[in-house]
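Below, chain A partners chain B and then partners chain C, in two separate complexes.
Coming up: the complex of A and B.
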């Protein structure tokens, strides 16, 4: 305990070595008890915040019946991948005779076995797989575009005088200020005219513009932090502006670019409203699809939970990777740590 | 560059031109995309808001002046949706501010594992709101949801059905929104708290100031600017709220959770296709958001100066 409290006063070196806190308000037992209570509270808090995610995870490994058991089952159920199989496959119900035939077969894969337990036969890959693929294509492409375009624009805004700079920067941000429906009404009419409704290209373009608000603002912040003198020195040494940009600025901005990319990816990956209103079938992404996953005769909660969990896991991982940049990312670079 | 030596004035001129060119080459694609997919659509829908256009008919838009705005502002139902949205925004932003600030106070001092704990708490705000809405629907389910059990109801008989009861449904949405976004307020408050210099507290402790006095005179004023930014961000988001409600209630039961953004969607797309009127409503929402932001920013500046 004395070590940790002492650790807080690093940077201030008293003449005689002390092994107690040098902060007058951090001594005595009551301060220490308060600290202990805080730590316990912090863990309790994290636990409470994670209950819903934990519950989602549990539900995704339950069978259809266990998922809707009353009272809810927390530990007393057998984990199964039924939810995931049902999410990813189309199935048909077998009649009694064909069920017998299927049961005699020995060449069934594990997922066919799971379906068979419910008297079903897998007939193909479900719609959801295609929607998930759309999500990957659209989020990925729009992120790459938004980061490249945003990086170039941010460099211009950061290093040169652009006429009407603050107006542009404001307009860039305005897509985010408005309810999605406001943006969508005119876009919908435009896309219908241009034949871009329900196409990958249409959604990619819109997400790119949507994400440009984030990438331009974030990257401008990161680039502003790189001293101009670096490029100027390089240019005095004979580099052209482009070479200086590529060989001096870019390596310095790598962390910022990576963080921006991931934020932009999360936004595109999570986006629901535009996809709901601008796509119907071919280009529809996963978020508007997940609420419509229905089983035979009622909501299939384990499949929905499986879909949600699979959808959330990448985001959770990314949150951990990005934790140092979170503040900047969620405030569009307005606040830097 | 070694290929262009010697004549230094020529090189200088070349670089001048190329800087200008680079500036515009770098910025033009972004500006074109913005004009096409952001600025033009905004003006287009401003025009549409003065017409009776419907996206499913072949009729061209007919200019109707302020009729759409008049109709919307005279519709008591519309005022009700705005009131619901205002209540939702007030309740959820208020609770988020309190809880987020509280969490930041708990987490401000580093301990072993505090980084991990903080990140775990931040997870909800990174998730997709529609998916969050959906799995909270499972949690709120009156018979097999876990929410009522955690509240102490041991059987579904007599336990509240959160999403199907008029008064409770909005609270259910508020609770979910608070769960999702308190971490956001916490994150901003933490950065504010970490920036407070230690010597302020030491001086206060030497003067034997009570902890309440320290909180009121040091902590609160120092964190206030960031707290207000958090509140501003969250209020704007609350007025935009769409995904979460769509995932949880779809505006129901009845119109208990029918927020303006949800109603806007219904008016513009679902069945009604009143494009002109929806555009007018969109602009009313826009004006409300801008007005709120201005009030906040003015207060924020006042606090910064004072």
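Coming up: the complex of A and C.
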């Protein structure tokens, strides 16, 4: 009895030291295979998503015959820039005599050679370039306007007591509650009266207004996340509210601004219905233009593919430039949560 | 450094007073603590001094100049936030320099001054880092450095230690106090922690329900509370409050105990209409002794380490009649036992139960 109370075997014992990792995500080979499967799956999914883009790229380098071949040709075709030449140029068909004359000339450029192969002569630059430029001007300007105005409005909603705040926010959002196409005809009539029909300004105004609801709501969410102590600290430190906004709030809102910019750019860039209705020549953008690239005696699929590819590039560039900000967290935890 | 003067300063949110008209004069170099439970208006008062909150009425003077309608940036004050509010997109050095930039201090002097405060607060090795990676204590030091570097007219601190771990708070408390003494800086400090207030302040402003309850030195607030709220709020546990009725020089307490009113109080108490008063005494004013004039039953017994606190029920059963008495930590007092004690006549206080105010000897 005295032995047991001596504490030989009872009482506190230090537990054995743990020499192996107890992290659950690092245990055994099954975890490693699971990781492998996840990576393969991610690649497969990305592949599926990218197939249309890949096909677009492929088609843009095919000749007219290859583009409509059945079964479709994936690798066994001769790449040609025919689609791009057809996209970017206006051409006329040559009659037999002039064709002979052209073939004898030796001062032709490579693109004139390509046109000649189809019995055509290049007469000028196509509308596509100008319309892509219109798209850049209209989508770019309206996005910048929508983000700047949205930022100011969102900051006010986030920081100041606005009478009827929730009503205003609902009202702003309500502009998105019906499909835009519904109002195209009234807007068409108004724009004709106001002389905004077929102008850059007309589309810029329209896209800005449509994007504002998105930018105000998105940016308000991002700005609400930034504690107001930062601005207060900056104001006590000797800055005005506007300076505090610029030096302290803006740098922290970069993520939100980048995401908002990409979203509104994509909307303005892709808009089709209004652009079709409200423009004819001067201000027409790329989306209503691309489907009209129809050649003679059949659809010019490779030109359309090339046009679509060119249309993707500006958005891809902007998203690529902003991707670092899109991925970064909103705050870095300098404030205790 | 500067004086701060509040003249009838009030703040209303809608129809509700967040701060009722308040007068306060803070001397040059003084350390004043605004103390009170949450929602008492202490932070709003501080924010009004800083200019981050507009006043509804009244005037604020810093160093004799009326700043009531001045922007925070024009008041020459430094504000230390509870949440630190270090700019996450700037390095520690840039954080500290930010305020000097606003004042157009030359780059050479900036470097010099940042170096000085960094040395003072021992954060030189952190200057190149971003605040996101710092520990709570280091962030607190950077926040203080940011306030110190500009040499403002006054420091305003809003629970600067509230976000720190308990054991680290002790260290920072001493550090802030030492900085205050070294800089001789006028400081207004907001806290709900009465221990912090007692330890650091020259004067305490006790607030409750949007009103100032008492302004006084820690000693005054502790030993001579102006009313029942202060008596209860200050001290841990707060002051014992036992209602009683006067009868021929004695106070009749719950449980039928008779307390002989000390000589210096008799004159004052004889003038109280109705004869009902509340007896107040701190736990350390009582001495447990077998020959004590008051008796009560042990209700509970807390050991506080250096001493024990006895919870004594005057009428033997009702928890509302419990008073706290400091006792020897080695003595054993089983629950239910009767204990006798005496009160130090210099340490008892009396309150008017109707107004809640403290009575004063004549």
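In this text, the second predicted complex is superposed on the first by the 262 of 337 C-alpha atoms of A that agree within 3 Å, B and C clash if a C-alpha of one lies under 4 Å from a C-alpha of the other, contacts with A are read in each partner's own complex, and residues count from 1 in each chain.
Everything below uses one rule, namely that a residue touches a chain if its C-beta (ideal position, glycine included) is under 8 Å from a C-beta of that chain, and two chains touch if they have at least 3 such contacts.
Given the structure is predicted, the values throughout are model-derived calculations rather than measurements.
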Broader residue contact with chain A after superposition on the shared chain, chain B or chain C: B
First, second, both or neither for A:147, with chain B first and chain C second: neither
Touched partner set for A:171, first chain B, second chain C, both or neither: first
Touched partner set for A:230, first chain B, second chain C, both or neither: second
Partner chain(s) touched by A:116 [first = chain B, second = chain C, both, neither]: neither
Contacts of A:248 with chain B and chain C, given as first, second, both or neither: second
Touching partner for A:268 - first (chain B), second (chain C), both, neither: neither
Touching partner for A:240 - first (chain B), second (chain C), both, neither: both
Contact residues of chain A, present in both the chain B and the chain C interface: 235, 238-240, 243, 331, 334-335
For the chain A and chain C complex, residues of the former touching the latter: 227, 229-230, 232-240, 243, 247-248, 251-252, 331-336
Of all residues in chain C, those that touch chain A in their complex: 50-52, 71-73, 75, 77-79, 81, 83-89, 98-99, 102-103, 130-132, 136, 139, 146, 150, 163
In the complex with chain A, residue positions of chain B that touch it: 1-2, 15, 18-19, 22-27, 29-31, 33-34, 37-42, 44-45, 48, 55, 103, 106-107, 109, 111-112, 114-115, 117-131, 134-136, 138-139, 143-146, 149-150, 154-156, 179, 183-184, 187-188, 191, 198, 201-202, 204-206, 226, 229, 233, 236, 239-240, 242-243, 246-247, 260-261, 264-265, 268-269, 275, 278-279, 282-283, 285-286, 289, 293
Parts of chain A lying in touch with chain B, wherever the complex brings them together: 4, 23-25, 35, 38-39, 41-43, 45-46, 49-53, 55-56, 59, 67-72, 149-150, 152-153, 155-157, 160, 162, 168, 171-172, 174-175, 177-190, 192, 205-206, 208-209, 212, 216, 235, 238-243, 245, 266, 269-270, 272-273, 276-277, 287-288, 290-291, 301, 304-305, 308, 311-312, 315-316, 318-320, 323, 326-327, 330-331, 334-335, 337
